[in-house]
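Quick one: this structure, given as structure tokens, is what I'll be asking you about.
Labels for the chains are A, B and C, by order of writing; each one numbers its residues from 1.
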Amino acid sequence: MRDIMHLVGVYTKTTARSWFQYRVDALLRSLAVFLRESTGVIVIYFTLLKFDNLNGWNIHELLFLYSLLFLTYGIMIIFFTGLRDFGRMVRSGNFDRFILRPRGLLFQLIFANADWFAAVGHGGLGLVLFVISAGKVGVIWNFKTVVYYLFAIMGGVLIQGAVFLFLATLNIYLFETSSLKELFYYNMRKFAGYPISIFHRAVQIIIIYIMPFAFVNYFPAQYLLRKEDMEGYPQIFLYLTPVVGVGMYLLAYLFWKFSIKYYKSSGN
Amino acid sequence: MDFIEVKNVSKVFRINRRKSGVTGMLANLFVPKYEKKEAVKNLNFSIGQGEMVGFIGPNGAGKSTTIKMLSGILFPESGEITVGGFIPYKQRKTYVGSIGVVFGQKSQLQWDLPVIDSFELLKAIYRVPEGVYKKNLDRYTGMLDMGGFLNQPVRQLSLGQRMRADIVAALLHSPKIVFFDEPTIGVDVVGKETIRNFIRDLNRQDHVTMIFTTHDMQDIEKTCDRLIIIDKGSKVYDGTLPGIRERYGTTRQLDVEFVEHKEVAPIPKVEIIELDNNKKRFVFESHEVHINELMDHLLSHYNIRDINISEPEIESIIRKIYSGEYL
Amino acid sequence: MIKLAPYLAYAKKCFLGRSAYRFDHLMNILSTCLQIFIFWGIYHALYGENTEVDGITLPMVATNFVLSMGLGAVFSTNDYFFPDKIHDGSIATELLRPISVPGRMIAENAGNALFNLIFRFTPALVLSILIIGISAPAGVGMFILFLISVLLGYGVLWAISFSVQMTAFWFVNVWSITTIKNVFINVLSGSMIPLWFMPGWMKGVLYLTPFSSIYFTPVQIYLGQLTYQEIALKCAVQGMWIILIYLAGDFLWKKGQKKLVVQGG
């Protein structure tokens, strides 16, 4: 354990030093991530200055909805930034180098390239939004709601992590997956920033059953806020987030394990 | 049992045959069509501890595939591999702690950081004890004359300097076996010499087992005692370097300068090639024509000014093996 | 006299190079469409029963999104073309060629843009029209002026990218600056919030920046919201931004070459 902590420390020091070779960029990095991810929030803010609600959701409720998406993403990305560049690593053959080192593969992927700056930017945005909105959305924070909230966050982290791990693993089979990721992950996440009830039925089906971002933020937010548009969905959805999270993550992890075997038998 | 045992190893790749057009692209994605390619066919060899073996063959011969199987990156399709008692692809984490791999084409150093930072990171990854690390670092950087650039960022190094740093990086954890995959590629003459000397010294002094792939025959001539040649996935030669000349280098050529221009009558089993200035070349196989008899014949029939015998270069023999002339 | 042939060759190479990644391409078209649908969905809900807000109808909003996001897909430039060359040191060989580096950047980006226009914008446009519909242009004359203004808008966007890339001489890694630049473009150019709906003070500020010149000016011309006089003025403003920003980038380019610290060799 001490040995692992030591290695994590050295990895982190090395990555940080690499970044600080380019001082201006490193200093601006968290800010840039923060701003980039705020784009959606700024859009919501300006839009709601003009129109006072979106399908019954006011600005604070929308920000609360958004904050769940980014808090979970921020926590997930602390562990999974290394997977973001996994495709490039497989293509260039640098992944072979990881196989040649006496450490766990997922461990190396996670810590060798951990992008703490991005994590600070993402998580920071989630936190800021939560602080701004949590007191103004009429949620009574008692034991029950806090426990629910924590479980929802955990489930959301696992769902996001599962999708991320799954998309990264696809790189073992497909030559170029960045556009697939753009389409299914980043774009779906943009939908998930809004109450999904406003979108076409087809979009809702995708976001509930295929890329289940709805369980990351929409349903947990509904449990706490109880907006009218929840009527369109089964009540049970309000409680499924942790189950969906654990289930999806297990599936993604099994897929990863299977794919590493495949990689070793097929090369690339 | 030898240190490295490779028994009846085969490896088949399935290559995705791509179809063109958008529909082909989609078909490819959902119902991929594969073509089989045998990269390694029934390969057998064994290598003793402390041996230094050159492993060569033309592009696509299966060298990299074999090295990848030996180092545990790939499973063999069939057959068995053991290295120092390990099955490389099974006990990965323990096994790879005892090997070092240098890829000449792919650096494992941190591009933006000083060389020494990469070494420190590797020390932590391989759990190298402080004492061993210090000793290895001092010794290898001394042998490779690296003191001058240990604190320079990798991106500012020349190719030769970077390669030396990569070699040290692969050795810091005192591996029992080291794979060199083209460690001199792109390096200038002086740099190549430094690297070759270092590898040879390390093998002699520490008895580290080494497998060396390269396209530069001089690398092999200057470092390896033994040579394994593979082509199209199969082993075509396994033996010493002089042995290869005995077996394949049987062609001899005799260049003769005559005092005056003269026609030479045909001699059985000898090919005669006209060169300039009264010179002729006689090419023959040493087991078919006796050199003494040929020289006697020439000296007794013609006025001769100069005579010169030559054996073929290793390099040209290898080239002929690759092109299939001896098969 | 500048020889154009090598630049045309670069543009062609870029154009043809793109057609190699068909699958990627299909995904990109779908991505562009999805983004348009997201914003259309939002405004569809925001409008609810209203036919117009501040004189702006829902089809006009849809037109704004389709045109600005579609053009965004056409205009997408490789922001790391030059910084990558600084980072890996290949800028040194690049400078030895008898070809102007900014010229080559223009050529490659133009090849790219042409490819995107034909194979990305057009399909995305057709899909969007089929699914959500957009307003027709305000007339043939306006449509021609719209095209001119689109070209100028691209010029503004390109000049901004060019100038930001030139900061790589000093910072080498420009991921952060580039990202921040793109945030400004996304939020302030009208492609995500139609600028009609910005608060009054914000509109005032925006008209003083180059961002509204990129997509919003062409969109306004397309919808026939501007008089000929206004169009002339707005296009002149676009032209002015191109010149100003390009000159700034060119200044950095000349200064940068003097202090060039080539990495890696």
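Basically, a contact is a pair of C-beta atoms (placed from the backbone, for glycine too) under 8 Å apart; a residue touches a chain by one contact, two chains touch by 3 or more.
Bear in mind that the values here come from a model prediction, so they are computed numbers and not experimental data.
Engineer: Write out the two chains that share the greatest number of C-beta pairs in contact.
Structural biologist: Result: the chain pair A-C has the most contacts.
Engineer: Could you tell me which chain's Cα centre is nearest to the average position of every protein Cα atom shown?
Structural biologist: A
Engineer: Hey, which chain ends up farthest from chain A, C-alpha centres compared?
Structural biologist: That would be chain B.
Engineer: What is the distance, in whole Å, between the centres of chain A and chain C, each centre taken as the mean of its C-alpha atoms?
Structural biologist: 29
Engineer: How many Å are there between the centre of chain B and the centre of chain C, using C-alpha atoms for each centre?
Structural biologist: It comes to 52 Å between the two C-alpha centres.
Engineer: Report, in whole Å, the distance between the mean C-alpha point of chain A and the mean C-alpha point of chain B.
Structural biologist: Centre separation, chain A to chain B: 47 Å.
Engineer: Mark out which residues of chain A touch at least two other chains, giving numbers and ranges.
Structural biologist: If we look for residues of chain A contacting two or more partner chains, we find 21-22.
Engineer: Mind pulling the chain B residues that touch 2 or more other chains?
Structural biologist: Where chain B meets two or more other chains at a single residue, that happens at 29.
Engineer: Could you say which residues in chain C touch two or more other chains, in rising order?
Structural biologist: Residues 23.
Engineer: Which positions of chain A touch chain C when the two form their complex?
Structural biologist: For chain A paired with chain C, touching residues are 19, 21-22, 24-29, 31-33, 35-36, 38-39, 42-43, 46-47, 49-51, 54-55, 176, 178-180, 182-183, 187, 190-191, 194, 198-200, 203.
Engineer: Help me check something: in the complex, which residues belonging to chain C touch chain A?
Structural biologist: These residues of chain C touch chain A: 21, 23-25, 27-28, 30-31, 34-35, 37-38, 41-42, 44-46, 53, 170-177, 179-180, 182-183, 186-187, 192-193, 197-199, 202.
Engineer: Please name which positions on chain A make contact with chain B in the complex.
Structural biologist: 3, 6-7, 10-11, 14, 17-18, 21-22, 92-94, 96-97, 99-104, 174, 264-267
Engineer: In their complex, what parts of chain B are in touch with chain A?
Structural biologist: 13-14, 29, 65, 68, 71-75, 77, 89, 92-94, 96-97, 99, 101, 103, 106, 108, 110-113, 117, 120-121, 124-127, 153
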